[in-house]
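Working notes, structure below.
Labels for the chains are A, B and C, by order of writing; each one numbers its residues from 1.
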Amino acid sequence: MKKIISILVAALVMIGFAGCTTKFDADREITVIARDSASGTREAFEKAVGLEDSNKASMLKSGAEELAATGAVIEKVKADVQAIGYISAGLITKEIKALTVEGVLPTAATIKSGAYALQRPFVVIYKPATLGNALFADFEKFLRSKTAVDIIAEEGFVALEGTVNEKAYGETYTTSNLSGTINVEGSTSVGPVMEILAEEYKKLNSGVTINVTQNGSGNGLSSAKAGTSDFGMMSKDLSSDETTVVKTQLAIDGVAIIVNTKNTYSNITKEQIKAIYIAEGKGVTLITKWSELDA
Amino acid sequence: MKDKKLITEKLAKIIFITAAVFSIAAIITICIFLFANGIPAIRKIGIINFLFGSVWNPSAGKYGILTMIVGTIYVAAGCLIVSVPVGVLTAVCITKYCGKKIKAVLEQIINILAGIPSIIYGFFGMIILVPFAKELAYILGISGASGSGIFVGSIILGIMVLPTIINLSVTAIENVPKSYFEGSTALGAIKERTIVKVILPAAKSGIFTSIILGTGRAIGETMALALVLGNSATFPKSIFHSMENLTVAIVKELSYAEGLHYEALISIGLVLFVFILIFSFSLKLIKKGNKNG
Amino acid sequence: MDELNVILLSKQKFEKAKLLKLFSIIAAILVVISFLGIIIFIIINGIPNLSFNFIFGETTARAPTISAPVYNTLIIIFFTLLIAVPIGVCTAITLTEYLKRGNKFVGLVKIATETLSGIPSIIYALFGMVFFVKFLGWGYSLKAGIFTLSIMILPTIIRATEDSIKSVSDSLREASYGLGAGKLRTVTKVVLPSASKGIFAAIILSIGRIVGESAAVIFTAGTTFNKGALGLNSQGATLAVSMYVLIERGMIDYAYTAALVLIVCVICINLLSTALGKKVGDKYDKNN
């Protein structure tokens, strides 16, 4: 009996001990959190920071965690004091901390002015024929309307104005009371604001059902091309090689570098980000501990 | 009157047999679609490159799944290391040491454990076990560990597979004739010696079946592992480092993959399918062997 | 008895032998701890967000509710059983009542059923997506999920029904024939009702499996939280899938509550099946 109790106590102590050591330690390793290969955020991040090689393939270090969605990255960074990750600047929550990159904090203003360097567009993509359908054309118009622009700005992204790519933004939207189903698939960075936009659209057009599936920009592209979704959402620009689909830009967004709130560091340079995320043997001195950022 | 009865009887027979054909049709369809969609990709990639290539990087055109095959084996092995000792010992406890009341409670608990959806196990592993594993790795001096990996995967899978092992082992032990136990004790052996030397060997085949079934489950489990393996297609440096196995690889990329990438994922499914087929076939052979032996 | 054994063996051997008892008790305790750990983890974190609105209220982008997933889960359960149970029961009847045991056809069906039951859910997910969603052009839809799940639970129904039918004593059948009833009548009016308890237990088991399934449903029925307007052609997440979606979106608090609802359902289903007197664990293929 005694033996059993002592073993149990030892186990509980170990668990408790593990749970209690959550102080930030600059001499411990950085936990590198990345996104999976479907992510538009990842592509934008790797392009901006220089993690793509000459063939546009990723040079992410092996062993970095490749999570499938924005939410998962936030959760991981929240749970791990030593973690670093990257997410859409508009999705920063109070539970994590965004680092300034080369002294600039990612805000709507700094992204708009270009001062914050890590940025990318949010786009919806679709086959050109899609706009031939009255409901889809109306939805696309809605996404550029004043109602939508206000929502996008309110959610922390940079909304577009005036005329961009021959499309007008900020006009008043009047409902045409159409009905039907719209399928939207794609980026987990665009997803949250798209859900809110979809909800607003449904309020104005009660006969419409909109299905928003968030599974990565890559899927937004492939499903729009295959026709399995009516609109794809991507958090990176549409490549000029893609000829079967066209785009409507939704917003401009930044890629924020996030860390745990207990992390004592507040600034990082692009070079340092690269050195943290890059694989071995690429000619870059790796940074593996937080204390190396002081150098 | 008699004719009507005959017609109804004949009709009924046709309906019943058609129903029976359905399962054959289903399995044939599954085989056809897996092979038809999976083989082309393997051809394009080259079967050696596919099965033995250690780099999986679709954007760079690399489709080697060796890391995943190894990952599946590691995790399945780890699962057995966790679940077999605990499972068999618990079965011993249930059959030999527990009072009726405790036995009933334990059995209810095991039933519920069996019914908990795999995603909840994954959730539990992700939130509780991974941070714990990360700390453990640090204490053990392992560097660069993320916590996700074989360690957590094995524990989670182990718990999931426990009900199978326990229930089948309990049945196997209970099926050992009481005379074995009584005979052994009459010869002077204490209870524990009897259990180890007499009862367990007699229950061997049932316990072995449970292990095979548990392994089958471990090879095929997806959602629970998707949240705790770290999903990095590499050979892990330790049991606390991020890695990937066959099932999680499919789940991670299936929804957005296109072209060769998509076909390659189906090929992974095909590999898994063949793996499992070989497995159940061997189980049948062993069972047949046991019957004859 | 133990005192006698202590005298007969050396103290060392005795202590060593008693280790078995210690370890097996520890093992059982570990099982209980795992169980408690998981349940308490879900309950403590899930209760805060639990509300009538969360389960039945209308979902919004900022505050999702699981009303649509719950509804979709019920729909999927209903239609999956609608398809699988008749086919499964009829198959079992064919195997036991209409064909002789050594029949080659019976052997084929048995192999087919056994293979089906060994296939992991991710393969069903793949097949469901490749065949129902893409090849048949159904798109992500409840329909696709229903048919995929039907194939998945078919082996369970067949096997359980077969066992139940086999356990019906022949004297009942002979009495029925003796009274002049034909085969069909005997089967439907005598054998099936006697076997119904086992069949019902298998149905409960399958419901448990459907509720807990996620991979096969994500890739066939989709992941949306909206109640579709297209009936069975609309996409929809089930309860288990909704949990996955909430985790991925970072809405962990809601995920806990969804998990809580899920676990409560599973426990109820388990209690139901125990009440039917059938050990869940006996059907070892349930865990595949």
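In this text, a residue touches a chain if its C-beta (ideal position, glycine included) is under 8 Å from a C-beta of that chain, and two chains touch if they have at least 3 such contacts.
As the structure is a computational prediction, the values presented were derived from the model and not from experiment.
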Identify the chain pair joined by the greatest number of C-beta pairs in contact.
B-C
Most remote chain, CA-based centroid, reference being subunit C
A
Report the inter-chain centroid distance for subunit A and subunit B in whole angstrom, where each centroid is the mean of the CA atoms.
35
Find the geometric centre of each of subunit B and subunit C from their Cα atoms only, then give the gap between the two centres in Å, rounded to an integer.
16
Tell me, which residues of subunit A touch at least two other chains?
68, 215
If you look at subunit C, which of its residues touch at least two other chains?
25-26, 247, 252
Would you mind listing the residues of subunit B that make contact with two or more other chains?
127, 255
Which residues of subunit C touch subunit A in the complex?
22, 25-26, 29, 60-62, 139-140, 222-224, 226-230, 234-235, 245, 247-252
Which stretch or stretches of subunit C touch subunit B in the complex?
2, 5, 8-9, 14, 17-21, 23-28, 30-32, 34-35, 37-38, 41-42, 86-88, 90-91, 93-95, 98, 105, 108-109, 112-116, 118-123, 125-127, 129-131, 135, 151, 154-155, 158, 182-184, 208, 211-215, 219, 240, 243-244, 247, 252, 255, 259, 262-263, 266-267, 269-270, 273-274, 279-282, 284-288
Name, in rising order, each residue of subunit B that touches subunit C in their complex.
5, 8-9, 12-13, 15-20, 22-24, 26-30, 33-34, 37, 85-87, 89-90, 92-94, 96-98, 106-121, 123-124, 126-128, 159, 161-164, 166-168, 171, 188, 190-193, 195-196, 210, 213, 216-217, 219-223, 227, 247, 250-251, 254-255, 265-266, 269, 272-273, 276-277, 279-280
Along subunit A, where are the residues that touch subunit B in the complex?
14-15, 17-19, 21, 28-29, 31, 36-38, 55-58, 62-68, 79-80, 215-223, 225-226, 288
Residue numbers of subunit A touching subunit C in their complex, please.
3-4, 7-8, 68-72, 74-75, 181, 183, 188, 191-192, 195-196, 198-199, 209-215, 228
